[in-house]
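Please find the structures below.
Next, two complexes with chain A in common: one pairs it with chain B, the other with chain C.
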Partner chain A sequence: MPDPVPLPGSLGIVVPSRGLGALLHHSLLALRMAMRPLDGEVETRVVVVDNASPVPYRLAALAADEVVRLDRHASFAAACNRGAAAADADATLVLNNDVLLDPRALTSLLAHLAAPRVGIVGARLVFPDGTIQHRGVALGPDGPFHPDRGVPSDSVRRSTRTVQAVTGAAMLVRREVLADLGGFDEAYPFGLEDVDLCLHARRRGWVVVCDQAVDSLHFESMTPGRADLDAASRELFRHRWHSACSPDPEEWQ
Partner chain B sequence: MTEISVLIHTRDSADGLRRLLPTVAWSDDVVVIDMSSEDATAAVAKAAGARVVSIAPRPWADALRNDHLAEARHPWTLVMDSDEYLAADAGDLLAGYVAAADPGIDAFALPRFNEVAGRVLRGPRWYPDEQVRLFRSDAVRWESGHHRNPVARSGSLRVRIAPGPDPVHIHHASYASVREFVDKQLRYALTDDYPDGDFDPSAYLERVYGILAADDGQHDGDLGRALAVALAWDQVVRGLLHWESCRPQPDLPPFYAWPSVTAAAPGGHGGSGRQPRRAETAQTGGYREAYEAVLNSTSWRVTAPLRAVSDWRRRRRH
Partner chain C sequence: MIYYLLPGAGIFGGIKVAYQFVDALNQLGAPAVIAAPGAEAAQWFGSRAAVVDREEVLGSWCPEDIAVFSLPQDYEVLRPIADRLVFHCQGTDPLIDPILLDRSVPVLTCWGQARDYAAAAGRASHDVGIAVSPVFYYAGEPKEPGSVAYLSRRGADVADRVVSGIDGARARALDGLSEAGLAAALGHASIFLATARGEWFGLPALEAMAAGCVVLSLPVVGGMEYLDHGANAFVGEEDDLHRHLLSLHGEAEALPGQRMRLRAMATAHGYSMARHRQRLARSLPEWLDA
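Moving on to the complex of A and B:
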């Protein structure tokens, strides 16, 4: 009988969200299902960060413990930092409102924190058609990208990968990592703050892994206006990391 | 540290304060004027680090606010009701407004989200519902009565609407049900101040139809409709109370012919661009004068003639 996996004392789940109330509602229901195995084992807190939704969310209508309301739209990084501060947990899962977690996903992600050097754990995410949306972020000549994107998940191997970065769509981060790095970098308007956090964490000696055991669903970016903000984030990322990181060799991608 | 004092008048609102006070904790000068609460109001306020000023109970008359404006220590004051609260980022944003305020500006009007019976209402009557609540501490006073915006101490008040695209909002959740709403509206009506003269029934009727017309049925469903009816009725009640308070007491015109009115209002404050329906009106003459203000802003279909009112107006003119 293997030793039980040590779990963090507390887990915060931070869901930054703007509008899309029905999507958020179902994402939280899937989250609640994934939290059930943790009942009595881990103290949990679900914090929705209402990122200036035109009609404010009502806590009573959501399967969450707290809503942090922002009247002014903040960057994803700033929203995550607010949520993480409110959750104040030993480990924080940042979760997008368009991710529906598999019921086994949380236990699968948390298991990787048993290794003390692992600071950040990513999740394997598929599109509605079962093809890979994310199984780790690699660095190519043109910057970060998702290897195997669009490939049927069944044909992509399931062994855990140590990676350079993972997507913030479903990202589990140790408290020490957030404290060490001062949270996500709020200079990024939209996108790449997640990759930035991972690269900084690796520089500080943490290991970043991506769980491959379980597929969760990711609709990917229903938030309007994404393309413009992405460009500014890309520019900042390039400026910051241009000569400071190594591209993944092709066989790792 | 931000230069804004926060002023809250309250009675028996411990629950509301528990929700409100953490959202104004960014201010080092929060004053709670406690009208002799019998619940934990004063204790909750003190525990949150607010200054508590205890006074004798009064009905909810806004003129009370004037008595305590001097309590504010900062150059700017934010007034909040105990059933309201702010967003987590409001403190920073408000500090930005006052730091950048033109010297010629006395006050800011903040839009308000109104939640009733578990829904945030969006119809033009309910949103944006701007409230003049942030002002230079020495610039305003309130006239007596409930829920009026403040006026300038001298001259006219120069008010700026909180700048967009995402302005600071007041978050207001006061009524858990239509029943509670009706109860409170009635209490405000019964405790309000009515001028001794100046009773014009058609002014009240205009407001009645304006309120009914403003519920376009597009935003808030049956709840919106119910609240519109309750508010329209509230104007009838207020008209009667005003009539009773006049010395000498004027004639009361026949209120008995209340036609039902269906209306489509153009998109409230922002303008939705929808075309109003063509107005179809009964040929009774006379009523068009009375409701000119309403007709200019809405199109509506009168399903029964307003003959009684127009008759009264005709008699009054002769």
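Moving on to the complex of A and C:
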């Protein structure tokens, strides 16, 4: 096995967000809590990408280091790319504004980057009722899906999984992966740009894992008009990846 | 990067074994992908192997890349392009003899007969093994008494003759099924007929053993390492298989049949994914870093 590599010297946390100021506020508070164990170990920078919020965010009111304002609404992929460029870090965590990280989540995610071929790390996410929202993305006959979605987290095993993809709701990506692939594909209107990134990364030999150690909270799907944007992304994904990936093994589905 | 070059994604055992191999390499920390025409990935079984376009890969080959191949014809295509070739031997047709003569190409063997063939040509090989997909292992579902399954795309005529004249034998041709569908069908079947001539290893028979079937098989070149006639399976020519099926029919649920079924499952567990990875892990430093 390859020798472990040092943890990233710098971590950029990119939070694309549109409106939902109160939710963003609490998400950032949880993020700050999760960042505390990194004090003195990893240089951090929190970048909020204001994706054309009707009322622009004010940096002074946020627990962030920078606000990148987009005056025209951009795709999630584009917002992530702008944020990653601004953060300019050895590793970038893309974080949804409706994810409340467990205080141990960041250290748990970063630990996986000690394996040199791990390029992307996902987080285990639960709904407010404690059921699984995400523990990795699998590919089935009908496309990507979340195994064990809706199953109580306590009854789902926690062994770390190498997976085909993880959700961009909380996704840690090495600088080299973003550079290698040119970032997220901005052709995706909303959704599946995260899976697309993972699948491209795997084609280049990077490993994608999903941390299972801790549960972070994900409210999911609070973005207005998501269903319409989803359909266009799904069609693009199907066009690109139909027959280009094998379905996940039965035991994973 | 390790590229496993394949000719396509069709329903051939060698394709699945290649994907298994790539999955195992990745699990062992050796980055590997499948290179197939049009980056078309196999859809008939589960795998996490990434697939890239074969022609693009060949057109942009890097000296440090490793080309793994199992189709003998690919040797002539790859030799002028790739410095590092690795032959994953999935059959001992004389077509592989020129490959065995090239001592710069490590030879990986999946079963004992292939190892012996390479040795006879003066080549030591690396035993990397072969595996049964976890989906096939018997989960205790009820067996349908008298049910006889076989793969219709190979040896259907032989299967028909073996089954003919046995009253009440419910023969079922398993055709066009995904791996999961095949596993479900085998889990429910009592008996499996392995009637394809020219099989090298006969993975379907081993999969049927894993699924708790009593297996009746034509002789298989490489399969004789796991087929133990009278103990975990019946092996013989058509007439023998017919005779054994007649004796088994209605009795496969009786004690002798159950014993054979248990021995078959025990044999198949020796070909688990975990064992496959262990064997591959032991050989990796010898050929990957060579």
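We adopt the following convention: the second predicted complex is superposed on the first by the 247 of 253 C-alpha atoms of A that agree within 3 Å, B and C clash if a C-alpha of one lies under 4 Å from a C-alpha of the other, contacts with A are read in each partner's own complex, and residues count from 1 in each chain.
The definition used in the following text is that a residue touches a chain if its C-beta (ideal position, glycine included) is under 8 Å from a C-beta of that chain, and two chains touch if they have at least 3 such contacts.
On a predicted model such as this, the values are computed, not experimentally measured, just so you know.
In the superposition on chain A, A:Q164 makes contact with chain C only, not with chain B.
Contact with chain B, but none with chain C, is seen for A:D71 once the two complexes are overlaid on the shared chain. For chain A, the partner that touches more of its residues is C, with chain B and chain C as the two candidates.
Once the two complexes are overlaid on the shared chain, A:S10 sits clear of chain B and of chain C alike.
In the superposition on chain A, A:V207 contacts chain C only, with no contact to chain B.
Of the two partner chains, chain B is the only one touched by A:A60; chain C is not.
Of the two partner chains, chain C is the only one touched by A:R117; chain B is not. In the superposition on chain A, A:A52 contacts chain B only, with no contact to chain C.
Once chain A of one complex is fitted onto chain A of the other, the partner contacts of A:P247 are limited to chain C, with no touch recorded for chain B. In the three-chain superposition model, chain A touches chain B and chain C at no common residue. Listing the residues of chain C that touch chain A in their complex gives 1, 9, 19, 26-29, 31-33, 39-43, 45-52, 133-135, 179-180, 183. By the touch criterion stated above, chain B contacts chain A in their complex at residues 86-90, 93, 113, 115, 118, 120, 122, 165-169, 171. Of all the residues in chain A, the ones that touch chain C in their complex are 1-2, 115, 117, 141, 162-164, 199, 202-207, 243-253. Only residues 52, 55-56, 58, 60-61, 68-74, 82 of chain A touch chain B when the two sit together in their complex.
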